[in-house]
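First subunit A sits with subunit B, and in the next complex the same chain sits with subunit C.
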Partner chain A sequence: MSGETLSEADADGEGTADGEAVADAGLDADRELGMEDLDPYEVFVQWREDRPHEHAEVVNASDDDLALLFARRNVDVRQEPKSVWVVPRPALTTRAAAALDARPAEGATGDADAAVDAEREPFAAFVQWERGTPHEAVDPVEAADPDGALARVARRLAETDDDALNVWVAPEEAVTRSREDDTALVPSTDRGYRSIQWYAQHSIDPSAVEAAGEDQTEQEALESAEYTDSPIEDAGSAADGDAAATADSDAENTEENP
Partner chain B sequence: MSLEERVAAGEVFESPEEVTDEYKELLTGLIEFTANSEFMGAYTERQWIPKAPSYQRKLALTAKLQDEVGHAQMQYRLCESLGRDREEMLDDLLSGNAGFGNAFHYPADEWLDIAMIAWLIDGAAMQLQHSLQRTSYGPYNRVMRRVCREEEFHLRHGEHIVGEYATGSKAQREKLQEAIDRWWPRGIMFYGFSDSKSGKQERMKELNIKPLTNDELRQKYLDVFVPKIRKFGMEVPDPNLSYDEDADQWHFTDPDWDEFTEILRGNGPVTQARVGARQEAFEDSEWVREALAAHHGQVQGRFSNGPQVAGD
Partner chain C sequence: MTATDVTDDEPTVEEAALREFLLGLADDDFALGHRLTDWVGLGPTMEEDNTLASIAQDELGHARLWYEALADRGLVEGDLDDLALNRRPAARRNSTLVEVDHDDYADVVAISLLYHDAERRLLEAVADGDDADLAGRSRQALDEEPFHREHADLWSERLTATDEARSRLEAALAAALPRTTDLFAFPERVADPLVEAGTLAVDPAALRAEWAADVRDRLHALDLSVGDEALGALDAVDAAPERNGRVGEHTGALADLVDQIHAGDDVLVGDHPVLRPRADGGERP
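Right after this comes the complex of A and B.
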């Protein structure tokens, strides 16, 4: 069974927002370069230290560095993620979890990855736990090829008795990561102007200001749901540093992760 | 199991292979329209970035427009993954083959127009986007969760400007009332024709592409904004507005659907100027495209042998 390269169809078709000028250029570049010349890159974002990187969107770019720049341009200017990874789609191998084969390859002795250590390479692995949720990074595996990497992930899922929907693997060397010391896109001013908490605390309605209080977190401010009939759901991107508000769902996720 | 049964069972679809052509067509039609609207919204509001009345407002408006362009991109990208061609979508927007939100066919010549767009129009969009967090297409509901979070900031930003005028001088309060009078019918119109005149509504609800119909969304909009406007001491400019407790429904004056139809035909008050601004931006950014093309020339062929890693 050979791995399928991740198709357009498999990916979450999420966006490429590169800032206005660059965005226009990116779009129009498609028209001149031909879309087929640009590769889609899957973007994974870690919103909080205690959360894994999760699939956030797709950008089109002509190389790894531009892909990372476009991805960061989209997420950094609006929120403050801990880290961003980009992976060119051709580097990803995808498999429905139901089709994963955890058994050792035929003829292999003992370990399915009979390849000697020297031939193995690390693979990044991403698991979609259930429908409606994004793929999340899990611990990397070592294998000789994508099939081997998928088998490794499958075995780990079987060991921990975890149900999953879909798995992506990619050679670690295909993953481009933002660097911690790269401050190029870190905002130079505080972001009260775009924080819901700031507006809650500066409302003209004294009772709203009182309710907001000084200790209100961004997530709590969001949950006050003034404009909708129920609170806004906590996307991964909703993580502006309020661990407590989502502690329950985090606990579940930690348990689920092998 | 049929698609309808899977939807009824609460299933969320994760790839285009899992759905029918009809589903894809209805879904991409909706997404393309909302993407176009986000995009043209930015072209409507951007003239106010240099003229914003304070540094805080300038930062907020800039951030809002970055969000809107980002939302457009996320949604165009989603359409692409469902088989639409991006170049075609952008061409259709310029040529008038594809529409965009009614609100962006009107002038925004006053600062309060910007507040009204952020409050009444983004507030109308929010009802739709919030309901779409439960759409049956998984990648779409994830985009919408992110969009809603950012839209909530746009609403608070708009409300803050409204609050400033509502507590300001008599002249400011009058200006605010005039702005509400101007924009109220456009917010009511936002969702489009009544369900009885819009054949797709029922089917889109059945497939849970759009969990709430135009009329249901309009009711939610009234639920939120009638009390909000009154809280600021302003009047909702509709003499026929009333709440029917028994039916659990708002009654309101139908907006001018002829005006709406003209907008659909590309004959809104400033439709051509807006599309022209988009065309101009396209031409102004040519040097960036050329730079990208030159850069691309240097790295061409890089992926022909599968993934490779940057040289550093």
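Right after this comes the complex of A and C.
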């Protein structure tokens, strides 16, 4: 059996060997929304320089460029990702590690050793090591087709005696990568105000600031002011113009100040 | 944010100019950010919805950068809430381009396409200027702007893919172009002292021709026809705008925007329903 592409793993389980979509209620709904023109893209994110790209989420887009644009802002930018890749789901071939064969599948053209160099192309490979963890990028392999790529990955896993659960491969040319100088991934302005904590912190008891003394800068006053336990309730009370009644002063915090 | 630093002294010519110019930058970002947040939950797809909301947050963040600079220098009264939320339309200095309500997603794309290029040029004039603090703030904002331009570029290309999309984008551009005439129209009393002081590396008025040529190139590259009247707005490089947001001349759309923030006509500016207490315990103006 050849590798099953994720796109064929339709919820209704109907075979789509001939590549034609099976009409059902879900697809009709998609059509109504114009969603049938969109492809799902798997998003891989590198969170730290010393970590591989790992599968993070899925975005739907009409094309590679828009998918990458969406992915760059649909991942959590507050965690400052280093790099983002998108791969259209139909380009991915997936196989359970247990079904991996280090030898090329029977009849497959993907015998990487037999294929002449010109016929080989680089494949990105992603391995899921444990249940419940995301697929992680591993070194790319060269092969003539997805089966060959899977065989290459299987061989490498066997050589290093690594246990894996599941492997995905995709032609490198199907992978769209964020640029190294992408400033969109690195917040350049203070985004603290976007969090509910910021509002909680800034809904402070004016008397606490007063008590902190005149020498203290406003920023210090804000930092030393207590977070309220219930930001939402606090915001609601502030709307009534009665925040002083809800924001507790924090004697301990003000002690830091002479 | 220290409103208490405001002195009663008359501001110098340069201070007055800086105040007007920075309000222009800040109010642009605030008005556009606010209009983009109107789309939250209504974007064409969930992913685009998130992306646009994120861009709106960037713009509101940039507004903060400039409001903060204004407050830090004692050029204005009030804190960030007051500056962003509690000012009457006539006190605002944003371009009329960014204040209008959006009827169609093509409006988002058209306005973004026209605005972000102009914003970049204004920010670069500050980044290349002699005021280190303002130049630093400009560079911070400029770092986030390439994504906004990329977003506008990708979407404008895609809105030329079908006849319907194309006609809607063309209509949106035709409506938006006449409102671009005030983007660089800071009056001489604002531009001249800042150029003289070196705060601006270049007179904003001098940026307009270059910007207009770029816009023209883009329209041409996408084969978009917006009509002679709208194109005229690009030619009128030296003409005074009919309505200049940079001197507080706004459309009713900005009054609507401010009313929206204040939840009704009967609520006076300053009685914002989600007003937080001022950190210094002071009264709001």
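To be clear about the criterion, the second predicted complex is superposed on the first by the 147 of 258 C-alpha atoms of A that agree within 3 Å, B and C clash if a C-alpha of one lies under 4 Å from a C-alpha of the other, contacts with A are read in each partner's own complex, and residues count from 1 in each chain.
In this text, a residue touches a chain if its C-beta (ideal position, glycine included) is under 8 Å from a C-beta of that chain, and two chains touch if they have at least 3 such contacts.
As the structure is a computational prediction, the values presented were derived from the model and not from experiment.
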Partner chain in contact with A:88 - subunit B first, subunit C second, else both or neither: first
Of subunit B and subunit C, the chain that contacts the larger number of subunit A residues: B
Which superposed partner A:166 touches (first subunit B, second subunit C, both, neither): first
Partner chain(s) touched by A:69 [first = subunit B, second = subunit C, both, neither]: second
Partner chain(s) touched by A:134 [first = subunit B, second = subunit C, both, neither]: first
Partner chain in contact with A:174 - subunit B first, subunit C second, else both or neither: first
Touched partner set for A:77, first subunit B, second subunit C, both or neither: both
Touching both subunit B and subunit C, residues of subunit A: 35, 38, 62, 65-66, 74, 77, 189, 191, 193-194, 199, 202-204, 222, 235, 238
Partner subunit A, residues of subunit B touching it in the complex: 11-17, 42, 56, 59-60, 63-67, 69-82, 85-87, 90, 123, 126-127, 130, 133, 138-139, 141-143, 145-146, 148-150, 152-153, 155-157, 159-160, 163-164, 166-167, 220, 223-224, 231-232, 281-282, 285-286, 288-289, 291-293, 295-296, 299-300, 302-303, 306-310
Subunit B-touching residues of subunit A, taken from the complex the two chains share: 8-33, 35, 37-39, 56-58, 62-66, 74, 77-78, 88, 90-91, 128, 131-134, 165-166, 170-171, 173-174, 176, 189, 191-196, 199-200, 202-205, 222, 226-230, 232-235, 237-238
For the subunit A and subunit C complex, residues of the former touching the latter: 35, 38, 59-62, 65-66, 69-70, 72-74, 77, 183-184, 186-191, 193-194, 199, 202-204, 206-207, 209-210, 218, 221-222, 235, 238-239, 241, 243-244, 247
Residues of subunit C defined as touching subunit A within the complex: 1-2, 45-48, 50-51, 54-55, 57-58, 61-62, 64-65, 140-141, 143-144, 146-147, 150-151, 154, 158, 273-281
